[in-house]
């Protein structure tokens, strides 16, 4: 099948299709031993390309319609080797996307320049440089994501629109507003006015809070008489105790003791249904989302999508299980969806106090 | 390097070397979409050999000195395709072991026949059939593991010893005793008398309980004037609330909502130190143990082993981290080792009530 | 000392004095076996007057400057015996107030008539009937409390002002607003315009939420250029998980399993300090507040008040303790104020889901 | 009714009657402001006799068949005023016992002399001095309680038996054994051989653990072919996390932040039923047991006892309740007995680490 014959993401969304992106690469690669927390750079694309390919494949098998190049993010400061890393990232993602008939996208994220007070011109110049490689590799669309400032995100969208590719824009904000105090509904309006085709929320806050933020965005668009598709790519960790500025980043457990907060597949089922009912049609996950979480999205929407994830062949959660020492266990959907999983940690509390930021108290 | 020139596991342990095995394949493969929970068979060796290779590599990079063939376990009932699966499992593990200079082992586990009252002769016949393929592929040693009955484990050890390979034997029992009520110290004596070179505990119970079981085994050997190396390959989940017969298998969260129970790397550090102090010299993990848990074993014992895991190059947990929205975080070893991680789940309790077994109430 | 020579509550508050009311009678009397939950009527005033006297004395000894007659509340439907009960309640409270040199007050609470849509005239007529007995017994002031509607509270205040007594008005509302959606700052304005001398919040919601509500009231008064003293008589139970309409009443634990939510004395210390810093000068507690909680208020403000509770002679929390089996324990203020007390209940969660109201969903 | 005509406790127990003692005085009096924690002496008998009378009455109304003089315990060191306190304690308890037709008892507890290595003769001399006042006031029986050493308890029993009164002996020990390592079953044998008519367990450990200890005692008696009635007066706080030497005394929450551990009435129902099924016929509670807990014992055994507590007239827990803001709540026995009450404290864990004893590490 020739690439040009593929329907674009917008054609598909406009036609009412539900699309599923992929999950989080950084946390999973850190746990697999290929990415260093703190530095967080995707050298693995060059050092162990098979490992990246393997994770892309897991997502594709789990039902992802879209894979994202595991490229170097603007936010990381080191510059040596970046081109080589991103070249490799593009080659790998294209290969797996072709293999599984997925779309693929390149992503932009917040810049340090903006944080340091850089001008719109400087920031946009930077974004142009970032986007070039994805366009040269003929990505299917571009995503501006992880933005905690709607202003910077808007600037990114403007740059990305000039490439002629569809543009998705996703903010890391609560239902209250962005990092600079712009209310969430106004953030939505700003993104769409800047040209974004799909807008939404990803990462950093409790998934329930992120969902509220998407709802607020939808309200904003409705009030302004604007239209855009909605996307939702939440964090893979429960953090209702996070502060509304730094989210899970300020939790004392970040990044090496977040395990008890990890979403179950059933948490994802419930989130996905709520997001779908709200009108979200582009789904995915961010930090902490693994292949089985993506599969949970796919399985929750199996009827609506009329499609089944490849790895759902390895998933029969409601079939009785047997163990030689234990015997049969029959557990149905109701059982799992109402499960309040115990932590096995009686010395641990439910909530932590976020630590103070050294930058933005 | 020719295989025959490698030192055997016993030569290495006798020389005082600390050895690290690998982690759990089943749970991780289930989450990656390659193994179906309930069936739990490793068809992935044939269907997606690269995925198995990838996970072996993660463990090898994390510091494993030993990789175990991800072979078909006796406990699984289906028989078609088993040979093909195990052939592939052996080829894959040998390839990665050679690449990372690891030893590799084949494992045996409880049979259904035994559970149904089969004779010693029948059970041992079955074990012989199981072991054949590993010996034919010239494994470095054999492991009898997951056994909840010391009698069946002893029978397995006898069979394995006849192959001329070193034999490790690992039970899934508490510090009280095995499934049939044999006290843990006596279980240890039985295994060593049957010929086991290394004995210990793996899986199923809370890691702290498993460690107590190893301590009890050590006591048993000392009282009996016997000697054997000690191994410890605990479960990757906290479950102090498990019953002392079925362990985590009877928890209501098993197998699809165990996330909040997942050990952190710091839990593994502490367990490893305690086990080392007890005299354990063969380490590893069972269900729920991922590459970063194996790396934690390696890093805890870095000085004692005089060796560093390859993926420790991607791990600087006590270096200050920086995030553009949050700023610097300096967190030292004391910080992490004293962390009581919150679950972010205020509606979840710490403990569950185990469900009733349909086989062994 | 003749009654008329006592300074009034307003003279005292105007002079900058900090006043402390009493705690909750109903819950404590239920637990002592003198009041039936569900019915909640204070028949005990007639049936066991000494028990009421004893509880008044505990509060007085704990530092209460004000005792409230444990009278029949408007909200209770039964009418037979009401006069007799209230006569006895007045006699008892007057006796103890005289003994401990306290002020005493009579209280009014929401009526059923209002809930059923009764007219202002009818509701106020009812209030008049209620207040009569307290005035006849020459109470020091009157309190309108437990009101979840600022409209009904305002009607009550108007009636009470006509008696010539000082009037305190206290709402059971969150920081968002009252039961009918009137914002909390506007509620404050309404009460003061109706004539209330002291306004504030009591009962029903998490104490932290009640404190936020008082802060909101203060804001409302400031914006409106109005003045009133602030009062704070929170619930004695933690319930951050309560809904913002029915508060703890809708918790599944109410009323017979609230124990784990009980405030410690240290919780009260912290609340009192926060309330004081906010400007509150009339303190006390509602359901669940016991004598030792009232003493905690008194001890937190001992310096500011220049007075010590009588029962503080029996309280030396920071003196080392000795037990014959345990030995010495030295625990200072910092220790107790930072304590996060464990529940000893690993099967219990932190939060409950409120149940649905049958009246106001 | 003349005192001599009352049936003795042994006649009643021998006739199959179930008897209920009272609850804990110290903690309750501390919270009411009459006893200082740390010192823990019952000066209140002299200072505020009405307060002691009031608490006795609450217990009597709640179903207690036996009231215990709130006397000065041997363990407290101060000696001045002791006689006066104990005289008053006896007068008060006799008055309430007569009023409610209860038996009354005097109690002995561990001595400092014993802890300091005093001889049997010295310790028994001390006990004689202690018991004299209760005998002079013609108590119905004597209790040796709070003992963590079965040896000292045995010495006390010998002394008490010489008075001719029935003797109850209650230890503060786990199911493992006493403070000096004597196994629990042997402790039971020792007490009965020393002359105890009723033996059992009270205070200090988790109530479930105390119940296991009673079970172990029963086993001990059966093995030894001895007979005695069984008593059970557990702690009013959950503390499965307590160590097995110092119990709740070493918990970091003791004594000023134990609130979240407080038993509910339903916990008492379940404990009482289990204890009854085990054969316990003398019930009661220790530190933390309030009147409504005693009533719960009475209500759980209402049928078996054929008697109803006076304050059960104020308790209709399964009758629908009504609140004006909330509406009807219908909650049956099953609802309450299966309640896992939330703590409303998401920052608090379930378990604490006991602190180190300065005396007995």
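Letters A, B, C and D mark the chains as written, and numbering starts fresh at 1 in each.
FYI, a residue touches a chain if its C-beta (ideal position, glycine included) is under 8 Å from a C-beta of that chain, and two chains touch if they have at least 3 such contacts.
These are the chains along with the protein names UniProt gives them: A, B, C, D = Betaine--homocysteine S-methyltransferase 1.
Treat the numbers as computed from the prediction; the structure is a model and nothing was measured.
Over half of the residue-numbered contact pairs of B-C are shared by just one pair in A-C, A-B or A-D, which is A-D. Chain pairs B-D and C-D differ in how many C-beta pairs they share in contact, with the greater number at C-D.
Relative to subunit A, the chain whose mean Cα position lies farthest away is D.
Look at where the CA atoms of subunit C average out and do the same for subunit D: the two points lie 33 Å apart. A separation of 59 Å divides the Cα centre of subunit A from that of subunit D. Distance between subunit B and subunit D, defined via averaged C-alpha coordinates, is recorded as 49 Å. Residue positions 241, 340, 346-352 of subunit A are each in touch with at least two other chains. Residues 30-39, 50-51, 54, 57-58, 61-62, 75, 110, 112, 115, 148, 179, 206, 237-241, 245-246, 249-266, 290-292, 295, 309-311, 313-317, 319-329, 336, 339-352, 355, 357-360 of subunit B are the ones that touch subunit A when the two sit in their complex. Residues 340, 346, 349-351 of subunit A are the ones that touch subunit C when the two sit in their complex.
The touching residues of subunit D, when paired with subunit A in their complex, are 241, 346-353.
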